[in-house]
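Chains here go by letter, A, B, C and D, matching the order in which they are written, and residues are numbered from 1 within each.
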Amino acid sequence: MAALLELAGVSVRFAGLQALTDVNLAARGGEIKAVIGPNGAGKTTLFNAISGYVPIAAGAIALNGSAIHGLTPHEIAARGVRRTFQNGGLFAELTALENVLAGLHARIDASFAGILFGTRAARAAEREAVIRARGLLEVLGVSHLADRQVRAMSGGQQRTIEIVRAVAAEPPLLLLDEPAVGLAPPVCAQVIELIRRLAGEMGIAVLLIEHTIDLVMAAADVIAVFNGGTKIAEGPPAAIRTDPAVLEAYLGHG
Amino acid sequence: MKQSVHLLRVGIAILACALTTIASAAESTGVTDTTIKIGIMGPFSGNAASYSKAEIGLDAYYKWVNDQGGVNGRKIETVLEDYACDSAKGIAAVKKLIYQDKVFMLHGNSCSAVAMAIKPVVLEAGIPWVIAHAANGAISAPATKNIFHGVPVGKTMGMAMGRFIVTKPGAAKIAVIQHTDDWAKSYCGPAMEFLASKNIRPVVEVSFERGETDATAQTLKIKQANPDFVIACLYESETAIFLKDAKKFGLNAPVMGTAGTDLENTLKRVGDLDTVSNYYVPHMYADNLDGPRLKRFVEILKKYYPNESVTAFSLISMGSAAAVVEALKRSGRDLSREKFIAELDKIKDFDTGVLAGRITWTPADRDGVKEVAVAGFVNGKPAVLKAWGQPL
Amino acid sequence: MNGQAAQGAWARWVGGTHVFYAVPLLALAIPLFANQYTQFVVNLMLVYVLVAVGFNLVLGNLGQLAFANTALFGIGAYTASMLMVHAGWPFWAVILPAGIVGAVAGFLASVTALRGIRNYYLAIVTLAFGELLRWIYIHGEAATGGTDGLAVPRADFFGIALDSETARFYVFLLIVTVIVKAVSNLLQSKIGRAIVAIRDNELATASLAIPTGRYIVLAFTLSGSIVGVAGSLFAVLIGHVAPESFGLIELILHFAMVLVGGLGSLFGSVLGAVALTALPEYFRRFPGLYEMFFGGLLIVFLLIQPRGLAALCAKWWPALRDRYFRDR
Amino acid sequence: MYFLQLTLSGLAQGAIYALVALSMCVVYRATTVVNFGHGDLVMAGAFVVYLLVVLAGMPFLVSAILAVALLFVLGLLIEVGLIERIKSGPHIGFALMCIAFGYVLRGIARAVWGREVLPMPRVFDLSPVMFGDLVVTADALVIFFAVGVLLMLFFGLFYRTSAGRIMQAVCQSERGAALVGINVPTFHGVMWGVGAALGAVGGVLVAPLTLLHPALGASFLIKGFAAMTLGGFGSLAGAVVGGLLLGVAEQWVGFYVSTKLIDITAYVVIILVLALRPNGLFGRAVAERV
């Protein structure tokens, strides 16, 4: 199967600092690929480069064979790349439902004038989206949170809603930046379960940044290890566990 | 749906009712057996609050009239309304006085732009309005049924300023320094018009905004033009700053100020006589502010507002108050607005005791005060002048 | 169970269009009880409802610290009166141009915001823009009447002479109802959600395929057009526009309306405008104390009720909570 | 000859703008709050001096020191009592809070003095000094001297002492400073106090030049903004240079172009700088990182 996302020789520089060097990486539908590495390894920079938040200095990023680097974040998102954010990317003043509806934004077919005058068509488009969003919350087991404001929710609930929002528009590629950070183990397990369902049932390609090694081992099909801005290893969990370069990188950092 | 239609019908019915309700003001509104209600609107707050000293003086005067026994057995009840020199607040204030407090007449207003905004409201209501302080002649001219000007209008002052300037031998070049606001324009405009009629046009015109603390650029520009006379339409603080800078940079031409400043206070602010000895102002009063003829009026003010300091604005509205009291007296016990307006129109050559000019109103000319003198320092003392170098 | 269902239906009815229209319908009766003064104040409230609704779009919903609101208000008022005075246009014909010119000014502010001038920089540059405009009003004498301002001729709305407070009231009420309803529609749609999303987290908004730049421009432009229309109503209500009406003190009033009503709340904008138009009228009897109380009120709200009256009301009556979707 | 004279007057004016801009900048650097009520603190400083000199009959210098001390306390109280309390809210809250307390200060002055325009008695009764054709008034000399001493003192403290280094550290990173045991809230309060006190010096210096009225502060706020923007937002030295440049620019523009433009020089400066060179002359990047 051809890769959905393909990074070839991608480098990113910040003010003379080399954040990513010559990275090659691919993501496939239905596959969960974990990206691990010590702090400062360039994991989040990798996500930012893919989703268009930082410009790349060299290389190419292709989605379904067409280049997406150089596009703005919302253009890349429109092509089917959705992501979550390390320190939470939800709209705190909105409810879970409204957050998920924002994820469906591009799918709501209503014109500006239609919305302003409240035409039947515009209202119908809205209504449809609301039904869809509620359905999604239901399917992913959080319908009870729908009408609650996000800022009043627990960390685990927020992570879940952010993931639901990211997958609302059925993106082929999902980038999850530490979805389980700071969560209690049982909640953590629920989030992992959710991710597995997304890949398994919806066939989404998932790239996942995680720190907790046990968790990564349990969730990921493939693991890519980063250190100092370069990919030092990639392979199935079992192989990574014994990879000498990986061991050295981790031991080197204590 | 049905409910909405019903509501709509009710709404239309209400609308029709409201449109046919026509308010009609009674002729004797605001008059009871014992009182006459007079509405006084002034900028008691906001950036132009220093103007409202005029309305405070006015209020003191009416209080004094009451203590003298009132008018024809009635006491005057003043209603003070603040409008902060803002048009919207001004309209609200006037509407409140007319339609809510139901006053007999209006006596007030310092800010000309606001006076222009409320003029249509007053005309529509037909209530008598004596303008206490605002100088824009367009408020009272052309004459209308119910609006009277109780202070000299800008044109009168400007002409007094201009007339005085041309009495200075060889005065050919004048310079103008002014704020860019309607107040400054109401003085400087007519003064320049008068001078233009004598073929004297300003050699340099500069602006100096309120709140600025340095006039170097303005002063040097004027000095460069080497004028024979400078017209300065500036507020109290800016006048002081300009005079100080003029002294500092050796600009020795005489300066003609406005009635917004007076000699005594300007001297106090500037600090030395040398700097103000060449400063002149149009003088609306019958005497110096601390002179014997005005003493009575200062005492009236101090009796009811003991902490109020006296400036050029303080006594300015008392003259028209005296005329109003006279007209109220002449209207007799059976007071109505129509009668009162007729009596105001019969005020002729009325000596108010406080203003230099006498008040005359006619149905065709409501610009009541047509004489303004000029004052300057003579031998270090403020004095009223007939012409350049000629004390009265 | 049954009671709960009934309550739900009641809440839906209350939160629905019926109630929205009930307010202006009830307001139709105001002229029966009002004298000319109170009617004028009510008309002024209607003008300020538009001012607050427009301002809140940018300040509350989009969360941008733009200080250009009085400038937009003034542009609307001047555009309307200049067209009426110099070109002799009737009132109904100048409302739209006032909105368009306001929209252009709002658009300019949004371009500044898009260039990365945000937060305090945006505040300062828009503040400067407003004062610059006032300078132009003062010195553009031929067109603006300079410091004397412009006297607006008697207005006419499709044949209805707007020469009484009552006539102005009905026309204003109609315009305000239409605009507030349109803004309400907008806020409860994908556009309203996008605007609030940008305020809460601009980066995350872009990650959902929402073109953030476009919605920033939209919010500013729309805000400008609404406040511009408010300016045209103001010109007709006051009958006289002068530069002094659009200074910093006016700006503080606009701020206070949005804050006291509730940042980001449409219902709050209406409440704030009504409350803070009435308040100065009450403070007439204490001249000189107004500024102190007004500033104090702002401080109290910021400390104790930063979400304004709207949040307070929503606590008692949850149906009034601002929603950014609708399913009817 | 006029050129030098204009420049000199401009520098004297600019010195006051510089002081106001610097005081706003101190608050901004330390707490990232732009104080929209700062003009009213300048006004408050001027009024307190007036009170002490005219009503309490104290000598000017003593009054000035007392006024500055009082404003320090006021600044500190504002930070602790108002600004710190809304820390968790959006930054719009800070701007509104500053506008609100400024309005209250103005309201207090209005309630007490309302209609009066207060003249300050002459303080520096020295005759002007002549350098050839160039006139330098005592007022200008006092301003130069006072501002010069203050700036040396301030920058000396800020860059040369250990206390100053602590201040710089907190400005760099609040979290870091808290970790090494600096009491950040106290620091913020003190810096607000310093800002208010510096602003009050501006008011004290302006008071003898003009008459006092409650709306005095508005123009200083705008001038301060313009100077800060010109110098690069957040740059302390930039604010000072910006203030001086603005003062001089006003005089030049007024004389060589038109006096009508003096009033808007500050606004034009703000708009031009943010449009053409948002970083100002000395500042770091303005645009928020995306």
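Here is the rule we use: a contact is a pair of C-beta atoms (placed from the backbone, for glycine too) under 8 Å apart; a residue touches a chain by one contact, two chains touch by 3 or more.
Given the structure is predicted, the values throughout are model-derived calculations rather than measurements.
Participant: Measuring from CA centroids, which chain ends up nearest the centre of the complete protein set?
Facilitator: Chain nearest the centroid of all protein C-alpha atoms: C.
Participant: Quick one: report the Å distance separating subunit C from subunit D, using the average Cα coordinate of each chain.
Facilitator: Centre-to-centre distance between subunit C and subunit D: 33 Å.
Participant: If you average the CA atoms of subunit B and of subunit D, how many Å lie between those two points?
Facilitator: The computed centroid separation for subunit B versus subunit D comes out at 37 Å.
Participant: Between subunit A and subunit B, what's the gap in Å when you average each chain's C-alpha atoms?
Facilitator: Centre-to-centre distance between subunit A and subunit B: 72 Å.
Participant: Multi-chain contacts in subunit C: which residues touch at least two other chains?
Facilitator: If we look for residues of subunit C contacting two or more partner chains, we find 139, 203, 287-288, 290-291.
Participant: Mind pulling the subunit B residues that touch 2 or more other chains?
Facilitator: Counting only residues that touch two or more other chains, subunit B contributes 44-45, 47, 49, 180.
Participant: Counting only residues that touch at least 2 other chains, which ones in subunit A make the list?
Facilitator: Touching at least two other chains: 53.
Participant: Could you please write down every pair of chains that are in touch?
Facilitator: Between chains, contact exists in these pairs: A-C, B-C, B-D, C-D.
Participant: Which of the residues in subunit C end up touching subunit A in this complex?
Facilitator: On the subunit C side, the touching residues are 181-182, 185-186, 188-191, 193-194, 196-197, 199-201, 203-212, 218, 264, 323-328.
Participant: Sort out for me which residues of subunit C touch subunit D in the complex.
Facilitator: Per the touch definition, subunit C meets subunit D at residues 59, 63, 65, 112, 115-121, 123-125, 127-129, 131-132, 135, 139, 202-203, 248, 252, 255, 259, 263, 287-296, 298-299, 302-303, 306.
Participant: Using the touch definition up top, name the residues of subunit B that touch subunit D in the complex.
Facilitator: Touch residues, subunit B against subunit D: 44-45, 47, 49-50, 52-53, 56, 180, 206-209, 211-214, 216-218, 220-221, 224, 235-237, 240-241, 248-250, 265, 268-269, 271, 308-309, 311.
Participant: Show me the residue ranges of subunit C that touch subunit B in the complex, using the header's touch definition.
Facilitator: It is residues 18, 21-22, 25, 28-29, 31-32, 35-38, 40-41, 44, 138-139, 146-149, 151, 166-167, 170, 234, 237-242, 244-245, 249, 280-281, 284, 287-288, 290-291 of subunit C that touch subunit B.
Participant: Over in the complex, which subunit D residues touch subunit C? Could you list them?
Facilitator: Where subunit D meets subunit C, its residues are 28, 34, 36, 82, 85-86, 89-93, 95-97, 99-108, 110-111, 114, 218, 222, 225-226, 229, 233, 260, 263-264, 266-268, 270-271, 274-275, 278, 286-288, 290.
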